[in-house]
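Working notes for the structure below.
For reference, chains read A, B and C in written order, and residue numbers begin at 1 within each chain.
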Amino acid sequence: MLDLAEPHTDQPAPTVAMLELRGLHYTYPDGTPALRGVSLRVCAGEKVALVGPNGAGKSTLLLHLNGVLRAPEGAVLVDGAPVADTTIRQVRARVGLVFQDPDDQLFSPTVFDDVAFGPLHMGLGEAEVRERVARALAQVGMAGFERRMPHHMSLGQRKRVAIATVLAMDPALLALDEPSAGLDPRARRGLVQLLRDLPQAMIVSTHDMRLVAEVFPRMVVLAEGQVAYDGPSAPFLADSALLERYGLERP
Amino acid sequence: MTLAPSALDRYIDSKSPVHALDARVKLLLTLACILALGLLPPGAWAGIATIATILWWAVLRARIGLGLVMRRAFVALPFALVALTLVFSRPGVPLLRLPLGPLTLTATDAGLIAFASVLVKSWLSVQAALLLTATTHFTDVLHALRALRLPAVLVAILSFAYRYLFVLVDEAQRMLRARECRSAELPGQRPGGSIVWRATVVGQMVGTLFLRSYERSERIYVAMLSRGYSGELRALHHRPLSRREQGLLFVGGGILAAIVFLTYVAGGGPR
Amino acid sequence: MLFENLAQQILLGLHIPDGFLSVPVSALWWILTIAALAVAVRQVDGLSERQIPLMGVMAAFIFAGQMLNFPIPGGTSGHLLGGALAALLLGPWAASLVMACVVALQALLFQDGGLLVLGANIFNMGIATAFVGWWVGTALLRAFGGQRWGLVAAGFVAGWVSLMVAAILTSVQLVLSGLSAAIVFPAMLGVHAVIGIGEGLITAAALAFVVATRPDLASTLTGSLGTDAARRGVGRGALAGITGVGLAIAAGLALLSPLASGDPDGLERVAEDQGFLERAQDPAYNVLPDYTIPGLDGPISTIVAGIVGLLIVFAIAYGVTLLLRGNKAETPR
């Protein structure tokens, strides 16, 4: 395993990481190993890109962040506390997971119902729910779409609403799976702006190296279930040999 | 069964007193209207005409093309073939004899009246349902059903079904298109294999669609878990019906009940 | 637009519009439907919360699956209603709820089938197809001992029988509402005996495909073959009871209605109508056995038509099952 990790000097380094993964191992039910000892720390407000070829374990890793999948070996710590049955509800409020296909993420018949789903299941009162829905939709620039059906919206709009569904839960960390996949150039530009503007910490899986260059100062390269690189994006993206080795494209 | 956008769809977001009405009120009045039509005996033309007048007035109030609603309401027409036999099977004054080879069919006045009544009542009932669909978002109908005490599980299943209907119909149509693109016909050759083979192809398409749907439902479940779902279905509370809405329900229901009642008093009950 | 797809309109033959059923008949089947769905909801409540999104997506799947069709010579096409398939993939409970949602959505969104008659439509196309499809399919599978060809055969018969039962129930309701039994029964059963072949073929092929591709997903089906599963469902007995009661009431009323109407004039025309139908019919009808008994008078002929229509399907299925069971008992596995 190649280790080019360097200390970050451009980021403030708090003592307790917002998210910490310690030696995560996970094997699919059919026996294929997916994660083989992944360790990672993400601090508050930090924006991290997660790259690597298909099958490298990116999506599997994201599913561990809010306890949908539980690794038999290793630990996931959110705010210093391990993810367990007793903490799972708090963890899901802290870590907002957004799936690649907005048709999976948006499962309610209207935008309002969908964005309200998280706050409602957090047990918030009606006024608070409505306020959070309005705020989250405004944040992603989708105010006024409350009564629309996801099916009748463009992919870019659906991706924005998908992000709003977790923003309404007021998370400290966003975990996004391929947010720019399939977007046309204009929708993509809007997404880049949105990701830059959001104050939350982020861990975003992507194949889009331009997106990495534009938004993420730090990148983590996953290969065959292991962290192959964890460090600043700029030098990695400038190194053709490294990019070639992990099947990535120059931005 | 067709999902082609209906000409009535474009009215869904227009503004009118009917559109503004609470979905619960509209749903109940629609059902009451269809029930009243069902209760009217054959040949109760005065009662049927009164209900039709009220219905068409509501259609006009909703600023929807009346002709369009009337035309769209013919969807049930093929079913009328079954009812055609009423013309020849009711006792009454013979109107017409149709010699068909060795036998003769006799159309009677009572048969004709029964047949015409079924057709008109069915046609008006579909118009009432169309008015509801054209002026009410289906999500509001779902909320209304929940408020009217349909079990939460059923409403939840209906919501998911409605949400993914269009997604899966798109997938089904892509499959059909892909099959079409590979279905060529050569001159002089019998196209397309046996019926069993064709059915097997469709069966495999259905199976594929099932697997994709099943896997999608797994992803949806994970998405729900990620947002705090723990098996309990929560929804915002429904506001109680206003006094005006309650009044409207009672007046509407009362008028329909009166029409049915007066018909029976005047006609001495159903034949 | 009206006649662009003949097959869909024939399938509409099961989606009764408002106006064709009398109010008492509609009410009776609303009661039966509500009772059955109440049991089903309770059953599903006991299952995991995982079931709710699954059943919603499955309802959408059945809806979309009904659009997949294949051409049959003669201008029509074969396609799926889906009750038996849903039951064999999800179990009769979940399938009843799924199919109820499909039928309700078709009525509420697209006016395929009426609202006042929705109870009857849900019972015919949802509950009866799911339950009968499950019962016939699993009974045959057990009789065939879980062979692959057995799966195909069981799927085919379950699909065909489920559609016939839906057609019988629809006919019974129409007859109870005053339509002529001598026309309705042969017409509905004749058309659906043919359409049912498409239903059966697609059900069998889809089932075989799913079992071959993801055997883990067919666990509802394969799990039912274990002996413990047969005893597990008290609730399944309840649904069986409700379906049975529905069929029994249908049979009883069908039997009594021609006598009760006291309308000799109408009944005398039955024979004429029968002749009329013979002439007007699609070639497809020839497949159908004649439901009037030659030499019998109108009323008796009508009654016989009702009983025969109701029982023939069950007799065939039951007979086949018995035969196969008998064979299997002789050969030790």
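Definition applied: contacts are C-beta pairs under 8 Å (C-beta built on N, C-alpha and C of every residue); 3 or more make two chains touch, one makes a residue touch a chain.
The structure displayed is predicted, hence computed values, not measured ones.
**Q** Within the chain touch network, how many edges lie on the shortest path between chain A and chain C?
**A** 2
**Q** Count the C-beta pairs in contact for every pair of chains, then give the pair with the highest total.
**A** More C-beta pairs are in contact between B-C than between any other chains.
**Q** Quick one: which chain's Cα centre is the longest way from chain C's?
**A** Result for the farthest chain: A.
**Q** As a quick test, compute the distance in whole Å between the mean CA positions of chain A and chain C.
**A** Once rounded, the distance between the two centres reads 48 Å.
**Q** Cα centroid separation between chain B and chain C, in whole Å?
**A** Whole-Å distance between the two chain centres: 21.
**Q** Just give me the whole-number Å value for how far the CA centre of chain A lies from that of chain B.
**A** The computed centroid separation for chain A versus chain B comes out at 43 Å.
**Q** Which chain C residues sit where two or more other chains touch them?
**A** 53
**Q** Do you know which chain A residues sit against two or more other chains?
**A** In chain A, the residues touching two or more other chains are 107.
**Q** Going by the touch rule set out above, which residues of chain B reach two or more other chains?
**A** Where chain B meets two or more other chains at a single residue, that happens at 138, 159-160, 162-164, 167, 216, 220, 224, 229-230, 232.
**Q** Once bound in the complex, which stretches of chain B touch chain C?
**A** 1-3, 30-31, 34-35, 37-39, 72-79, 82-83, 85-86, 88-91, 100-106, 114, 118-119, 121-126, 129-130, 133, 138, 141, 151, 153-154, 156-165, 167-169, 171-173, 175-176, 192, 195-196, 198-211, 213-214, 216-217, 220-221, 224, 229-233
**Q** Can you list the residues on chain C that touch chain B in the complex?
**A** 2, 5, 8-9, 11-13, 16-23, 26, 37, 41, 44-45, 48-50, 52-61, 63-73, 78-80, 85, 89, 97-98, 100-102, 104-112, 114-116, 174, 178-180, 183-184, 187-188, 198, 201-210, 213-214, 217, 263, 265-266, 269-273, 275-276, 279
**Q** Of all residues in chain B, which touch chain A in the complex?
**A** 137-139, 142, 159-160, 162-164, 166-167, 216, 219-220, 222-230, 232, 234-237
**Q** Hey, which residues of chain A end up touching chain B in the complex?
**A** My answer: residues 63, 66, 68, 89, 92-93, 96-97, 99, 101, 103-110, 113, 116-118, 120-122, 126, 129, 147, 149-151, 165-166, 169.
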